[in-house]
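Everything below concerns the one structure shown next.
Each chain gets a letter, A, B, C and D, in the order it is written, and its residues are counted from 1.
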Amino acid sequence: MSRVSLLSDLLASIGARSWFAGDEAPASVEVPEIAALCHRLVSSRGEATGVRMAAEIINGVRALDDKGIKRFFHMLAEEFSPDPVELAEAAGAYAAEPTPTSLAALQHVAEPPRQELFRRLNLAPGGTAELVKLRERLLPLVRKDPERLGPVDTDLKHLFQSWFNRGFLMLRPIDWNTPASILEKIIQYEAVHAIGNWDELRQRLAPIDRRCFAFFHPSIPDDPLIFVEVALTDDIPASIASVLDPARPVIAPEDAQTAVFYSISNCHKGLASVSFGSFLIKQVAEDLKEHFANLKTFVTLSPVPGFAAWIEALPQELRDRLEPAEKRAIEVVGRKDWQADPAAVDEIRSGIMSLAARYFLRAKRSDGQPQDAVARFHLGNGAMLNRIMHLGDPSARGLTQAHGLMVNYLYDLPRVEQRHEAYATEREIAASRAVTGLLPGRSGHTLKDVA
Amino acid sequence: MSRVSLLSDLLASIGARSWFAGDEAPASVEVPEIAALCHRLVSSRGEATGVRMAAEIINGVRALDDKGIKRFFHMLAEEFSPDPVELAEAAGAYAAEPTPTSLAALQHVAEPPRQELFRRLNLAPGGTAELVKLRERLLPLVRKDPERLGPVDTDLKHLFQSWFNRGFLMLRPIDWNTPASILEKIIQYEAVHAIGNWDELRQRLAPIDRRCFAFFHPSIPDDPLIFVEVALTDDIPASIASVLDPARPVIAPEDAQTAVFYSISNCHKGLASVSFGSFLIKQVAEDLKEHFANLKTFVTLSPVPGFAAWIEALPQELRDRLEPAEKRAIEVVGRKDWQADPAAVDEIRSGIMSLAARYFLRAKRSDGQPQDAVARFHLGNGAMLNRIMHLGDPSARGLTQAHGLMVNYLYDLPRVEQRHEAYATEREIAASRAVTGLLPGRSGHTLKDVA
Amino acid sequence: MSRVSLLSDLLASIGARSWFAGDEAPASVEVPEIAALCHRLVSSRGEATGVRMAAEIINGVRALDDKGIKRFFHMLAEEFSPDPVELAEAAGAYAAEPTPTSLAALQHVAEPPRQELFRRLNLAPGGTAELVKLRERLLPLVRKDPERLGPVDTDLKHLFQSWFNRGFLMLRPIDWNTPASILEKIIQYEAVHAIGNWDELRQRLAPIDRRCFAFFHPSIPDDPLIFVEVALTDDIPASIASVLDPARPVIAPEDAQTAVFYSISNCHKGLASVSFGSFLIKQVAEDLKEHFANLKTFVTLSPVPGFAAWIEALPQELRDRLEPAEKRAIEVVGRKDWQADPAAVDEIRSGIMSLAARYFLRAKRSDGQPQDAVARFHLGNGAMLNRIMHLGDPSARGLTQAHGLMVNYLYDLPRVEQRHEAYATEREIAASRAVTGLLPGRSGHTLKDVA
Amino acid sequence: MSRVSLLSDLLASIGARSWFAGDEAPASVEVPEIAALCHRLVSSRGEATGVRMAAEIINGVRALDDKGIKRFFHMLAEEFSPDPVELAEAAGAYAAEPTPTSLAALQHVAEPPRQELFRRLNLAPGGTAELVKLRERLLPLVRKDPERLGPVDTDLKHLFQSWFNRGFLMLRPIDWNTPASILEKIIQYEAVHAIGNWDELRQRLAPIDRRCFAFFHPSIPDDPLIFVEVALTDDIPASIASVLDPARPVIAPEDAQTAVFYSISNCHKGLASVSFGSFLIKQVAEDLKEHFANLKTFVTLSPVPGFAAWIEALPQELRDRLEPAEKRAIEVVGRKDWQADPAAVDEIRSGIMSLAARYFLRAKRSDGQPQDAVARFHLGNGAMLNRIMHLGDPSARGLTQAHGLMVNYLYDLPRVEQRHEAYATEREIAASRAVTGLLPGRSGHTLKDVA
């Protein structure tokens, strides 16, 4: 049965045209047809026609334009939510008499039919990847209309947390022997230090002092979920430029003392906040340690994405209470091309470092965590803020976001668990003396008060 | 940190010993310790220690004896169910005002924490397989105490239906080039026609007129979930003996006109009622068709497991209304070794076939489906009951269960969808004329009335 | 034992320094040391130290500069040839009395010890590839000094014909899922229509109407030996531009009627005249036919590398006897940018085609084969010269070599064997009527006389 | 073109029937037809029809019965040998004037056309394996008629030494995850300690203290060439029974101190004396050492196949000069079931050990090597005779061949090269003090004199 006939048969049989009578502007015929198929897929008792129906829906949804997809998500929000009447009844029954039976009944009606729909859409060839792309289209709409579309996202995310469970992911090396079809995605996904072309990619992967690892899901074997690039070095490098320099001295991996995680990129917006990054770094660190006995230090070379914005947002009154060197630094970094003036660079070193220490150690969000998103990620993993590097990243982005700062987070494997716990429960920020020593001394106040 | 110290640290810190104060008989210390770890695993904010904790729990649970595992499941039922107070509140709030927010809150508290626990246990190496084994131990206990343990099973099954979604399964051929470690499992799992040893296994897999296919899950790559054995033949065979006869004429696969699915076995009790069998047969049929253009007929050679029991259970008054030939057949099959007496075999042919036709076409359960479990499976897949074979299986089991009957179900690929629908919605039983013609004619009553 | 000590031990023990007393100019110490190891490797009775010695020699040879490698090959010519005295004796003994024993003795001394040396060098990791590179360095020297170095090449080539036997080669598809490390070699090796960068490579491999296949040797699994690029099309294309046009209409492979072999490249100079190209085209044609039932026509789109040179070399007296249109064509193609002048292109069509027909059908080498190397290859494979295309390749190289001509050779699979035989034994050139019809008519002479 | 028509066409065209006029008894028509194809294959200028012709010949030869195959080999000996006249001429020419040209000419005619024939037969699918089987059929005939068939074998062996060069072989583990199709060959090929069935095979492969490795050739990927079975143990075991005991304590591989090579089997008679066994043991030893750092000792547990025969063959006069304990031992082991009588076993210990020491250390062949074939193999590899074990193998074969003796050869990796050299050049037999101390003391004579 061809797609057209399947659709028309269906529409004929279930009177789908009635959807047109909605109060929305004249709609493309598409979404109602898709909706009809969705209902049919969810309600089909056997799974016999499932694969074909799922493929039809997936294809139909993929072809929807922005207006259509919005309508599709609205449809999911309205037609595939729990039945409020039934749910209220079940909730009432359970509230009245909490038994296993009334609980099961309540759970059954509380689970949105969307979840079963998504599970059945996964029957389509490539279904898992398509569902991830679906959420990528959903997320911007959720931001604009969280009340209406938030529940749809909740269900997709709930499913993904089950499906993209670490237990199902495969860690695979990415190197110059990896298929080109995957490597071109690495070029495309690299989010931290852009890879301009295949020659630059080769520079990242082929030298013997480089490693790259990615997580894959078995149902999406040709598309990584997240990857991390690693440089094997003698010491902790002072800037990203020294790491990426093609003329650097290349050391034999077995001689390396330090593994630098200098870039970590999530590949799919549709998997936002389905976290597996922490597993990646720690597993890669452990695997490397096993292979190269001389490796002693595992550090990141990380951006400080929120630093400039935080300074910008400091209210004047608090700004007045900064140290003179800090005030001076703020003044200088406001100038164009200050980074090209060695005297200026030198002059503001102590001020900028002092500001940075405040930013990381004192400036907190309402939940007690640091302002910096990257810091939250690594500290939450159990890493320690190890070193702050003035002008570690003098790229345009580095200057705009962080006035050129970069930092290291240190993964001290034997202490990672303990630090993770201390951060998770006490919001304790692990920082080296080199960093805590940067805080302005006994000056009688802290930026905590300030921010 | 070794297991012992992790456990004692933990118990010290959270006062786990208090569990001993329960009303149960003096318990092994094991389950409370495991329970403490389970609580910790579920409540840990990050996923940092998750892998290790999950492995500890898995190991601990695996070592539990029958008494211990029962206690463990009770613990899951009691300590990892939704909080009745919170849930009643949320249910009440939603009933009072059904908004997205109150719905989300209700859903959140309605999901048993067990589900998150199971998802996190999957972090352990081999976790997926271990959870399947866990359900295998749970199911017999559920049967005895469905009220208390049913909800635990509901959660495991819910998870498995998501994880063992057809979209995640891999179809792989099983042949004489398959690793021995997998083949020995085929010997062990074969549930229909036992495989006595490796030579018999070779007879099933190596000849060019034999095929075998299995579904695998990517996280359990060395253990099949379900497999089907196929014989490529000229015609539909009249008995299982002719299919398995080592001295049969072997035909070239490209000349075969018929593919006979003569054995299909589920491998894991822990996946009971997580159905993927229907996908297997249809995908194998389609794959075979693509490779061997001459294949025209796809049939099973199936047992009739409920036939003898159904006859046994017929009330006397209804039994009185059977045709004389049917009565005679019932009498003969009650004798020992009737199948060895050619005259007897011949005498009862029409009576037994007539009874069989009633059994398949008239005898229904309260839900309108046939009594026979295998019939429900294949008819539900969209197959047609094609032929009934007197003494198709004269093995001890065949005689005990089905007085020697075997049947074919025909998978007519272009009509499978339609038949599936007709069965699913109308309980329409697709049967060939050869079968419907066996029903006792205009005798004025049907066994439908009878049964 | 490190390399240095192994070498010095050895040299000490066998007095290798005596080689310095040779009559050659002051030599690098390298070659004599390598020579000593070579003798030791060949004469070692067991194979115990073989792997290490082979690796030492391979490394040493690879490091030799042009002067050193020449000396190394001279050393092989002198020190690893059959012993003339022994050989003369054995030859004499056999000539006197030809028995199995005297034959075996003669064969034994007639085989140059180089052959055993090469076989033992293959013990080194990557030895096979290194020996291929060795011959690549040898061949230019052989051309200059065939008397002295020809026998060394004979032995290497003899070995390669045994090792790179078609029976050992693996045919593998090259596509966008191929490892980048192999794909970068495709860019580098493409010898017919250059691939400028990775985007162009993607254009050659990723579209669904493109295929590429290569032969690999199991001991050099990451480096192809020869590869062919194929376009799947409706009709035989009239120019290479239309084949490579990124804006061409792309057809589904299963609809294609024609497979165009538009580029075939040998990858290793060191395998020159170790022929496997004919196998490649025919096997690819057969494999494609099996997958895509609609494919009916298998043609090349081939350059005519010797055409311009042949015209250039025509003696004046013979040139005088050409047809007027031919003379005119020769005149026009002598002008710069004639191909950009549509009138000129049109004017010379018949003349240039007529010349081309003479070139292919009449101009022969002393061995009776055509002048054109590409023609010899395809005709020798059993293909037919199918069509000559005026301005099929207006690239700079196409104009310089062939005044823009391209041709098709047709692989008519059922007739390939017969044509191969006719060409091999009778030098019969299979050509379509479209081609033979181009020959200047009853003009009373043929270019055969001319050339 | 079918086989029949190809053959008849061919025979018609080349008058093959004339072969019937030979002086041999009335022949099957087969061999002459095959011979005609062989000539055609070798003389075909291109390689176009090669694959098909090679397959025809291979199929034809495989179908030959014993008489036919003998005739086929005679045909190869007669029709595919160098032309004696041409060779004599070339030999004379070279003897007269030894130039590169005359050498090349001589080499060309000295190489039997058989070699090119064998290389071209390798074009057939599965050709390499077929050629190995061909030699398996040849070898028994060579033993009976070395004069006529020896040269044919020389050529096949020459080719195999080139093709089965260690550089082309792949070392692969054999374990319980290996395909059953390969494992059944292990059962079949095991030549030292028979494997009775699949359960015994599992006992050899699956336990964690067992390893097995095999060499494969890339063109015969489903059939091992040689394999070795290894037990990981604490100490050097005193008998094969203790190694194979299913009730032995199984140790973790990482704790093992000793790797015992207790069985090594060549798989193909057709590869006799194409040696790769020495590579296998040493590479396995090195690979194991790399994986399991605690491994310190690498020993064999080996049979002594020639011991009983050597005693049997001692001339009376020399036998008279043995020590009394030795004489007594010879007397006892002549009795039936002596090994079942503990007193007898104990009584002859010193005598039998003393005889064994003589056998290994004193009894030499004319070439200076020990009598024992297994000893020659391991000593030639650079191993040391480490220990002699009285009643190490009380199996029927062990008693018959070696009066129950087993021995260890120790592979002391750092000294293997040196010992290999000493043995290869000086016939120096490396033996432990435990072994040399067994020699009868200052008794004034040695068995060297004796034997």
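Simple rule for what comes next: contacts are C-beta pairs under 8 Å (C-beta built on N, C-alpha and C of every residue); 3 or more make two chains touch, one makes a residue touch a chain.
By chain, UniProt protein names: A, B, C, D = MCD, Malonyl-CoA decarboxylase MCD.
Owing to the predicted nature of the structure, the values given are computational and were not obtained by experimental measurement.
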Going by the contact rule set out at the top, which chains touch both chain A and chain C? none
Hey, what chains does chain C share as contacts with chain D? none
Most widely separated chain from chain A, with each centre as the mean of CA atoms: D
Taking the mean of the C-alpha atoms as each chain's centre, how many Å separate chain A from chain D? 61
List the centre-to-centre spacing of chain A and chain B in whole Å, with centres computed as mean CA coordinates. 39
Centre to centre, by mean C-alpha position, how many angstrom separate chain B and chain D? 52
Where in chain A do residues touch two or more other chains at once? none
So what shape is it, when you link every pair of chains that touch: line, ring, star, complete or other? ring
Output every touching chain pair, sorted by label. A-B, A-C, B-D, C-D
Residue ranges of chain C touching chain A (in the complex, touch as defined): 176-181, 183-184, 197-198, 202, 206, 222
Along chain B, where are the residues that touch chain A in the complex? 1, 44-51, 81-82, 84, 87-88, 90-92, 94-95, 98, 100, 103-104, 106-107, 110-112, 119, 122-124, 127-128, 147-148, 150-151, 154, 159, 161-163, 165-168, 218-219, 275, 278-279, 282, 380-382, 416-417, 420-421, 423-425
